[in-house]
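Below are the structure tokens for one structure; questions will follow.
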Amino acid sequence: MKRKLKMGMVGGGRGAFIGAVHRMAANLDGQMELVAGAFSADPEKSRLSGEDFYLDPARVYGSYAEMAEKEAALPEGERIDFVSIVVRNNLHFEVAKTFLEAGFHVICDKPMTRTLEEATELQSIVRKTGRIFALTHNYTGYPMVKEARDWVASGKLGRIIKVVAEYPQGYAIGGVTGGEAKISNWRADPDVAGISNCMGDIGTHAFNLACYITGLKLDSLCSDLSTFIKGAALDDDGNCLLRFDNGAKGVLYASQISNGDENNLNIRVYGTKASLEWHQEYPNDLVLKAADQPRQVHRRGNGYLGEAAQKFTRTPFGHPEAFIEAFANVYLEAGRAIRDAIEGKTDGGPYDFPTVDDGVDGVRFIHKVVESSRAQAWIPFA
Amino acid sequence: MKRKLKMGMVGGGRGAFIGAVHRMAANLDGQMELVAGAFSADPEKSRLSGEDFYLDPARVYGSYAEMAEKEAALPEGERIDFVSIVVRNNLHFEVAKTFLEAGFHVICDKPMTRTLEEATELQSIVRKTGRIFALTHNYTGYPMVKEARDWVASGKLGRIIKVVAEYPQGYAIGGVTGGEAKISNWRADPDVAGISNCMGDIGTHAFNLACYITGLKLDSLCSDLSTFIKGAALDDDGNCLLRFDNGAKGVLYASQISNGDENNLNIRVYGTKASLEWHQEYPNDLVLKAADQPRQVHRRGNGYLGEAAQKFTRTPFGHPEAFIEAFANVYLEAGRAIRDAIEGKTDGGPYDFPTVDDGVDGVRFIHKVVESSRAQAWIPFA
Amino acid sequence: MKRKLKMGMVGGGRGAFIGAVHRMAANLDGQMELVAGAFSADPEKSRLSGEDFYLDPARVYGSYAEMAEKEAALPEGERIDFVSIVVRNNLHFEVAKTFLEAGFHVICDKPMTRTLEEATELQSIVRKTGRIFALTHNYTGYPMVKEARDWVASGKLGRIIKVVAEYPQGYAIGGVTGGEAKISNWRADPDVAGISNCMGDIGTHAFNLACYITGLKLDSLCSDLSTFIKGAALDDDGNCLLRFDNGAKGVLYASQISNGDENNLNIRVYGTKASLEWHQEYPNDLVLKAADQPRQVHRRGNGYLGEAAQKFTRTPFGHPEAFIEAFANVYLEAGRAIRDAIEGKTDGGPYDFPTVDDGVDGVRFIHKVVESSRAQAWIPFA
Amino acid sequence: MKRKLKMGMVGGGRGAFIGAVHRMAANLDGQMELVAGAFSADPEKSRLSGEDFYLDPARVYGSYAEMAEKEAALPEGERIDFVSIVVRNNLHFEVAKTFLEAGFHVICDKPMTRTLEEATELQSIVRKTGRIFALTHNYTGYPMVKEARDWVASGKLGRIIKVVAEYPQGYAIGGVTGGEAKISNWRADPDVAGISNCMGDIGTHAFNLACYITGLKLDSLCSDLSTFIKGAALDDDGNCLLRFDNGAKGVLYASQISNGDENNLNIRVYGTKASLEWHQEYPNDLVLKAADQPRQVHRRGNGYLGEAAQKFTRTPFGHPEAFIEAFANVYLEAGRAIRDAIEGKTDGGPYDFPTVDDGVDGVRFIHKVVESSRAQAWIPFA
């Protein structure tokens, strides 16, 4: 296939943060090009957004339904190959369903759906249609996160016995004292966001990261969610105790009211042979620690790293990569899977991007965390 | 009183870690001198230890009981002014009781006692005898910890809404895989250590630090203790969710099996106006964070710090102070109180060192953490 | 101009590091598209590279001269708007001259030319042709470097009295002990690289960074270049003392044999009111220091930053940006200038990208550093 | 010798910074006790200082000459064993000479003397009298500095090819803008301090540290000293290029006007096999770097460290040690040598403390740096 992949986008019009990130991630490697979109429920805003992105006005649509229908009617090679879904949580399911059933591959933002029922139904649809479905748990795109996963998988850390995953942000602190919360209206609205704000938005990232790196399954959990923002309907802070199925213990918390923290996702994984530590805000470093040994700081771009860390790297050591490059790695790998699917190539896997199964786990996590907090008790995860 | 304070010591003979630290802490400022001791239950070891410390052999005793009796019989100014108790947990109570009732002031290592009953009885004895009793929660001796406390007290952080206190160590990891645990026999022995190993030894430090800095009282907690060391009777890891009486939430954990961690006590306190962060292994820095403001790194020894941080500092900025100096600050301040008591000075307070009340809280914390973990449930703290 | 800018590239075929970086930088923001190239002196390699980038084979040329001629013959809007020059140092001049004189705008890699004569002649050509010429001193594209510059310009630091700029790399250490130097043949070849390897490749970046941030002019310098790599013709390490025209003093060094360093460009600028410090490998942080004040860590993406730092930022605070984004900022701003030139817009400036004048300064710096080292003496810069 | 060493002090009365540090360093390990002193040229201040230190008034003297004479007349075992000299630079020589010739061992602050003639004469006196003479280049007392030295000595770094030693302070910045310089009058007074302020006070520490760690001898240097403080007679900033006798190159600078820096002594030593980096303000960490290998952070207190680093350590890993402990290591080791000398033990060496020979090198460095700066030229060091 001697051409770039053709990409459509639903949502992500002018001024939307995550839509812009998806476009940069898609642009970066020159493997795909945005050719169509339904960027807003407001047709005029959608049209203007299309101009911003230099699109053919004929392929800027007023609704995602129209887009799915009209794109499907275009000849192969001209129509979009896949769609990026960057709308609000409550629309993820129906947009994804529509495009999957129209035959398109999908890259979708997280959390995957608003309810667990939608999540499992979407899982069925993906299986039935056989389309590629990638979920942008973008933090797993970092090369040093892949290295961390490979350390655990290779046994370098021994048996995992403890995991600490933190995701403190502080941007909503204004709402606690009665000022502006800076949480967009929709994240605080259960009808749009679902049953959780903070755990749904970022706790689920921390959970996904812990699972991706350790490969462990959650056995049970005990959580304590809080709503510090005045008048808010959903949580803005949550602390959890975790037990994994191999006997490992864990702590996980996420917060939007940790005043002064920015996007301080970090994880520590402790094993019987060694431990690791990684901080998203300084993503090129991965620390390896073990009793009676000097600490090691492994750094992105070096030849001593494993295959995945090297494959998903664009610049030499010392030339730092960051958030957008990690995000682009999800696009790069999902794009490879989509290209293989189009070309009928069946031996390209395994592919290293979050799938619909990770999405189901994430939505389950959100629901279980809320359930435990309401019950003020330990509950099983399964 | 134109002389150094005279100090005795119970425990801390040759090779004992914490006894050596207490002696260095006492020596540092030239305000007190070790003149007597019962350094070991083994009289010969006690004698040899006395030689190591250049003591008069007549004042090196074979038992603490003999020491209390004979020292009390010496004239004032010659006999010891106070005793440092650095024996194992199970003897703290009886040694402290003996010396307090013999009229001596006491500096005692933590945890204060093995049981809550002993703790409250010791509290009564201290009140009744009117002697000075200081507990070496030494981490509160760090200048930047005092600065942190003063920030909270002054309202600089606003209302405290979240606290995260961590105390991971990894020195016992060997025991998990069947090797050497490096936990001294007595810490793992309930008869000596009490009902907890890890939470008693270091969890209680983290708890004390959180209370010292925030001034908050604990309302309830939910904990999950683990024993990863093969064949061990007590915990070597514990995770807790906390609720404070002002509505603040918290996470606290302590561990001896966090492979590769050394003595990584650290705390984050989040307030409505600002937040702070402090790491014991890099103790000269205290970070102040707030949304929409540059982070500030406050550094020990500077004139912009508060009175307490400046008072308990010995060297100019950039000439780092560390563990022994912080420990010495407990001795310095307890020594000041003892000196005032001897001189009959009644307006010297308040004194800034941990007291028998902190000791009771600490022992209660240990017991409640164990209780919650056994019940697998939230329990009230009071 | 409702279309993407059309970009050509000379050099940068398969496997070339810096060509790939230029393409990612150009792709990132969706403002320009690669449409033509002469990627290699080897026509077959050029052709295959064009396939890699999904180009129309008709616009993949066997030589840059052919490319300039044929592209110039295409109608406006179809032909390239500008060319990126990523060939070896010795060809920069002639390729730039050819495209400028053919009417194209130019983005050129550094060092600008191999000799000072070429540099000043190119300066004349740029002025005569009136075309946009941007030099990829990419480190000035970092938002926090722009913030640093704005701090100095606004007087926040007071009078600058000292500058320390370091650029240690260690990738060539293998050559010192007789192993593989990892310096590409051409960088070590005076006919291709010019009179300096290390100072030409990276010393010139450190110098450009110091000038960009401080706005100072160099008065005189004393340097000591070394060749540690066995059998090498050019320097691989150099240390310089600097004097600036305002009386400030400085230290600058660059190295390729600083074993274990990666790309550790960093700068400290000391002023009478305050000082700043920035490290390229952790580029989202900029430290502000002043006596008797807490240190401040200013972080990319925050609203308290100046206009330039905010303008050249793509993601919110805590979502780190890095090398490619900084590089892309040079493309973004040069692209803006090119677009304005095409549209005849004359009030778009000032533009914030390195120019041909910076290029002349850089080439002069390289030559003066070599001259001083040979003379083992202080020499004037002018 | 079953007693503490008896120590006298000249200088260091109430309020003196460095005298207090020497006393804490001497106190810390309980191996020596202050018993006599001439703390000030002002007899009343000396007397009051003696009270502060709980000394017998009979052994608090009005002058150092009186002290030397009267102490020498006391019986052995009662009289002081050694004297600590903490007076201003210009008196170091005569006080040291007096006590050495009176038969006492000496611990002396740096720089050793005001002139090179005094330095070499003192060297002769030390050799002639056979007394122990230790110079408090205290930074070499840090365990991780000793580890660094042992790495180089053992060949772990290979051949040393580059050294970067920095010692920026900013406390005198006030003097640059016409405010208060905070440099004590005597440091700025050539009659007292000698021919250099900044290089004499701290540049000499950086030089000593570089020599201690690398074991290299300086071949030649080129320096540029500056006086930014208005009206000052001596330097407050200095930058140097260095060449070592093995062909290694170096950069060394020291500054008192690096606004906002505290006591930021740090060193990087680059070798053909590996490199090291150490920062005085975070002294428990020593970084080992090499191309194509993860960075290693070696931390004080671990069993993987060498003999010297372990010997000069008091607390376990993670319980940080700092400035005073390092200073105390000079006292501990000089004390061991003094004790051996008293006991006639001749096989106790080698001793690991700075000697009169280091003092001569340091004074020569100060003079050569000034000479090179005046000549604006490279000069040989010998």
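When the chains are written out, they are named A, B, C and D in that same order, and each has its own residue count from 1.
One rule holds for everything that comes next: a residue touches a chain if its C-beta (ideal position, glycine included) is under 8 Å from a C-beta of that chain, and two chains touch if they have at least 3 such contacts.
Please read all numbers here as calculations on a predicted model, not as lab measurements.
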Number of steps on the shortest touching-chain route linking chain A and chain C: 1
Far-end chain from chain C, centres as C-alpha averages: B
Inter-centroid spacing, chain D versus chain A (mean Cα positions, whole Å): 55
Centroid spacing, where centroids are CA-atom means, of chain B and chain D in whole angstrom: 34
Separation of chain A from chain B, taking each centre as the mean of its C-alpha atoms, in whole Å: 44
Two or more partner chains touched - positions in chain D: 261, 288, 293, 295, 299
Residues of chain A that touch chain B when the two form their complex: 158, 161-162, 164, 166, 170-171, 173-174, 176-177, 222, 224, 226, 228, 237, 239-241, 243, 249-251, 253, 255, 257-261, 268, 270-275, 288-291, 293, 295, 376-378
Residue ranges of chain B touching chain C (in the complex, touch as defined): 288, 292-299, 302-304
Interface residues, chain C side, partner chain A - complex: 2-4, 17, 20-21, 23-24, 27-30, 34, 51, 53-54, 169, 171, 261-264, 280-284, 299, 301, 314-325
